[in-house]
């Protein structure tokens, strides 16, 4: 459904992405790993339209995204979360989802919103102020929720699990799995924790210095010496 | 919402109260005049000038009528805003004034006098010279001066100077551009070559403009139509560039004691409209008393604004007394009485035509000479010789 | 209960006030002038509260609206009430010229709009054949008499401007409560977060600008036909920006009714109390009020009053 | 023709010089504090009126009056700063409105104290003409204050680049948070920038009093012009402000020369909008004006 070909991004001479090329199939789940500053988030920014690439092709279901603004891409079905949660200010949790649904999905479907609240375990926080009254886990959940409320077919999750302690992390993982199966989503997940990735994603991309250095099944990828080198210390093998 | 109205009701209640307090004057022989003038805003200066004249007229009338009648004036600041001027006129009429004297700026007098006309109350002014005002043919509107009078004076002087080429530098406001265009038409008709230069109120550096006049027009005379700070800017630029002209001629608020005091070296030899010489050399008794009273009240020499304010108010008071004597005042006879006016005043003969305009009005031209303002046109009123050719540099 | 209050209020506004003050044109004139300011203040607050934009150039919309309406009714004989709406439309169209300014932030936007106001004023002065130049337009047609109701007078004018304000407030409130309102509120902090969930933020802002311009334009048009006189310096005067801002801030620009309350309070206080006390430069008091409000209660007057009335409602009074 | 153009350019240059002295102060404060001080023009005007008072009452030469004016203007802007720093929420909007209010207060204050009359120095030397190669004409005041202004701005420029306080201001301008992490004391630096702005405002005020005429409503006009120039330049670049100011000055005088004096404001405004929309970050980089 999503195809990148030779995508370049420059920030004032610094190459954040060097000819990144890969494709995401319908319903596929991909783990995106790599050391900090490898360009993972930049990749998401390119796909969701926050950053304009300096070169390359970017197609979604046979349509080029390059000219489209963020909001049009969202309406095409690309949902994303931010690494640092960005709840909509002056709004309750439910209102966050309502805005996302009205504008992203262009529908008005309370059931689905309740559904999302349930899956993400935000029901009892539905009417608390999103910006001020949420715990970290709930913030992460809301990030996913906003993306889900836009009825995406591709979900880009930026470290939604990072900073959660193991137990809540496990719970959250299961929720993500449920979400994916419930809505038959394709997912790309940025995540440092290898076991989590391995558990969620049959396929893993490794990014280093803006380049994709490995692409394949987790066990294969994480045995790749180059990957290990790039990852010294960061992997728990 | 409810709060809104509560607040509204409260504030307005006080309003009604104040209106009641300022209510109509008690006795019949105690005349209350109304005056709506800009005491703040862009026209504050001129507004205050006219108001001084009105005060002088009231003071003199009370002295003359001592024992018989007494006159009071109630003044409201229109803040140089048409809407507030209308509100002011309505309030004054609500307070039961006999007639209105004042108003400055054609665009403010317009709506204000319209409100007065609606209520059938006389509105007399000298603050707006545009033909449109009298063009409306209101029964209650009277004006002692007009653009023609200013144009006549300026043109008259320019012809005495036998100017063949004239550059008109004028502000793009209504009164100023009207006057400038009238001067151009008349002079061109008389075969004088006239070039026009419009400028905007925000202009502070006139050198580029005057340089055009100097290098391209090469006129005999530069005619300026603007207000104080425009004149100062133009004259300074001219003083620097020293164009080869025979005279610098302006109109209102130029040949005044104020300018003579504030900018002595800049004004030397400059011409402008002025009814009075400065220091004032009055001959008629009325003029002398006027000057004395002015000095007494405001401790300064009268200027043209005060003079116009005085004349319009004095004519109004005379008409009121006549109408009162004839017993037609209550019955709305004041406009007709005013129309009967035919008086020699500080600004010359005044009569009113059907539209309330004063057809006899012709301004006079004064020239700054060594800190004094000497009347140089028309000959009849001249109290000194015109220095010509002569410029501030 | 709530409806009862509302009904009573409407009755008082439409019947009570005219009965009370219809006889004294001066007071009625003051109220109408205050409501005119209130209309602009409402539109200004809408732009600030929903669009998150401070404008120092609402005089531009006011002037364009008044000129459009006046010229249409004078030169093309368009019925006054139709011209009124077209005036609003004209202002909205003018706001399209300002769309590039939407890319600008805080002070840049505020003063870019101010520059527009200057430009429109200069154009109005220079386009003499249409606008009558610096001389302006005298005796603009007043409001006609419809169904036996005479709208030309003070009371008629009052009813018209009151209706304009009520309708505007209604629209404002509706927008604020809609998903649009939510999205706009959310945009202030993290515009990008709203864009990635499908909110066309720039379009929304543009819409708010156009709406604010429309309301301001209609109010300006009303004023033109009410005063029946126009000239550039007056139509584009900075007072059409200064007073509404003062009013909105004073009353509380994050509430719907705050600006209206503020306008009535400020204008009537200014004219009835401050002006007699210090005739020269009594606008100074406005400045003082403005500063005091910003420093002591940035939320404005109305929220304070409301909060006093019902102990809860912090957020709601603010929303 | 060529003579006309030369004079136009010369006049524009001089005008630009005095616009710049007004604008640099505004830009400096914006850089250091992220606040457009809408009362800046009134501060300039205040200085002018102090000079007037000093001359008309005690016959003090306007130039000699600069120190007196400086004291008054500095304390005035200290008050402005004190009030500004009390704003916590919605800083951007509220500070705009606050300084706007202060501007109204000052304008009307000046109106009540000195009335609506126009004023300018009565000292003839300032208006005497100074002729260069008998094609370029100017008043002594204009040239004197142009040169003085340049010197002053050069001083500020040097100060910004070579003194550590100056560097602190620049650090704050380019990246607020980073600067604070680096241990820049924002309050101190902000106050400093306000004082420098006051100095420039005082100078500009006296320049206007001697070279032009002053009246109460002038302050607002000055603020707008200064802001336009600041945007033209792009925030936080002094030489940018100078060039932007001269551009405005020259465009205006050329408009007067070749079109009409009634269009000069329009020309300036249009230039401003064009630059704003073509490159919102101004002609000389600096801070970006674009929304986040």
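Per-chain numbering from 1; labels A, B, C and D assigned in written order.
Keep this in mind: a residue touches a chain if its C-beta (ideal position, glycine included) is under 8 Å from a C-beta of that chain, and two chains touch if they have at least 3 such contacts.
Keep in mind that this is a model prediction, so the values were computed, not measured.
A.B. asks: How many links in the shortest chain of touching chains run from chain A to chain B?
C.D. replies: 2
A.B. asks: Over the chains that touch one another, what is the least number of steps taking chain B to chain C?
C.D. replies: Counted as steps through touching chains, the separation is 1.
A.B. asks: Does C-D or B-D have the larger number of C-beta pairs in contact?
C.D. replies: Most C-beta pairs in contact, of the two: C-D.
A.B. asks: Taking the mean of all protein CA atoms as the centre, name the chain whose own CA mean is closest to it.
C.D. replies: C
A.B. asks: Would you kindly say which chain has the C-alpha centre located farthest from the C-alpha centre of chain A?
C.D. replies: B
A.B. asks: Just the number, please: Cα centre separation of chain C and chain D in whole Å.
C.D. replies: The mean C-alpha positions of chain C and chain D differ by 32 Å.
A.B. asks: Just curious, how far off is chain D from chain B if you go by their C-alpha centres, in Å?
C.D. replies: Chain B and chain D have C-alpha centres separated by 37 Å.
A.B. asks: Can you check how far apart chain A and chain C are, centre to centre, with Cα atoms defining each centre and the answer in Å?
C.D. replies: 45
A.B. asks: What is the distance in Å between the mean C-alpha positions of chain A and chain D?
C.D. replies: 50
A.B. asks: Note the residues in chain A that touch 2 or more other chains, in rising order.
C.D. replies: Within chain A, no residue contacts more than one other chain.
A.B. asks: Quick check on chain B: which residues sit in contact with 2+ other chains?
C.D. replies: In chain B, the residues touching two or more other chains are 40, 44, 172, 200.
A.B. asks: Quick one: which residues in chain C touch 2 or more of the other chains?
C.D. replies: As it turns out, chain C has residues touching two or more other chains at 122, 125, 192, 280-283.
A.B. asks: Can you give me every chain pair that touches, using the contact definition above?
C.D. replies: A-C, B-C, B-D, C-D
A.B. asks: What residues of chain D sit close enough to touch chain B in their complex?
C.D. replies: On the chain D side, the touching residues are 3-4, 7-8, 11, 14-15, 111, 115-120, 122, 124, 127, 129, 137-139, 212-213, 215, 217, 221, 252-254, 256-257, 260-265.
A.B. asks: Can you list the chain A residues touching chain C in their complex?
C.D. replies: 48-50, 69-71, 73-75, 79-80, 82, 86-91, 95-96, 98-100, 102-106, 129, 131, 146-147, 149-150
A.B. asks: Going by the contact rule set out above, which residues of chain D touch chain C in the complex?
C.D. replies: 30, 36, 83, 86-87, 89-90, 92-94, 96-98, 100-105, 107-109, 111-112, 115, 220, 224, 227-228, 231, 262-263, 265-266, 269-270, 272-273, 276-277, 280, 289-292
A.B. asks: In the complex formed with chain A, which residues of chain C make contact?
C.D. replies: Counting only chain C, the residues touching chain A are 179, 182-183, 185-186, 188-190, 192-201, 315, 319.
A.B. asks: Quick check: in the complex, which residue numbers of chain B touch chain D?
C.D. replies: That would be residues 40, 42, 44-45, 172, 197-200, 202-209, 211-212, 215-216, 228-229, 232-233, 236, 239-242, 258, 262-266 of chain B.
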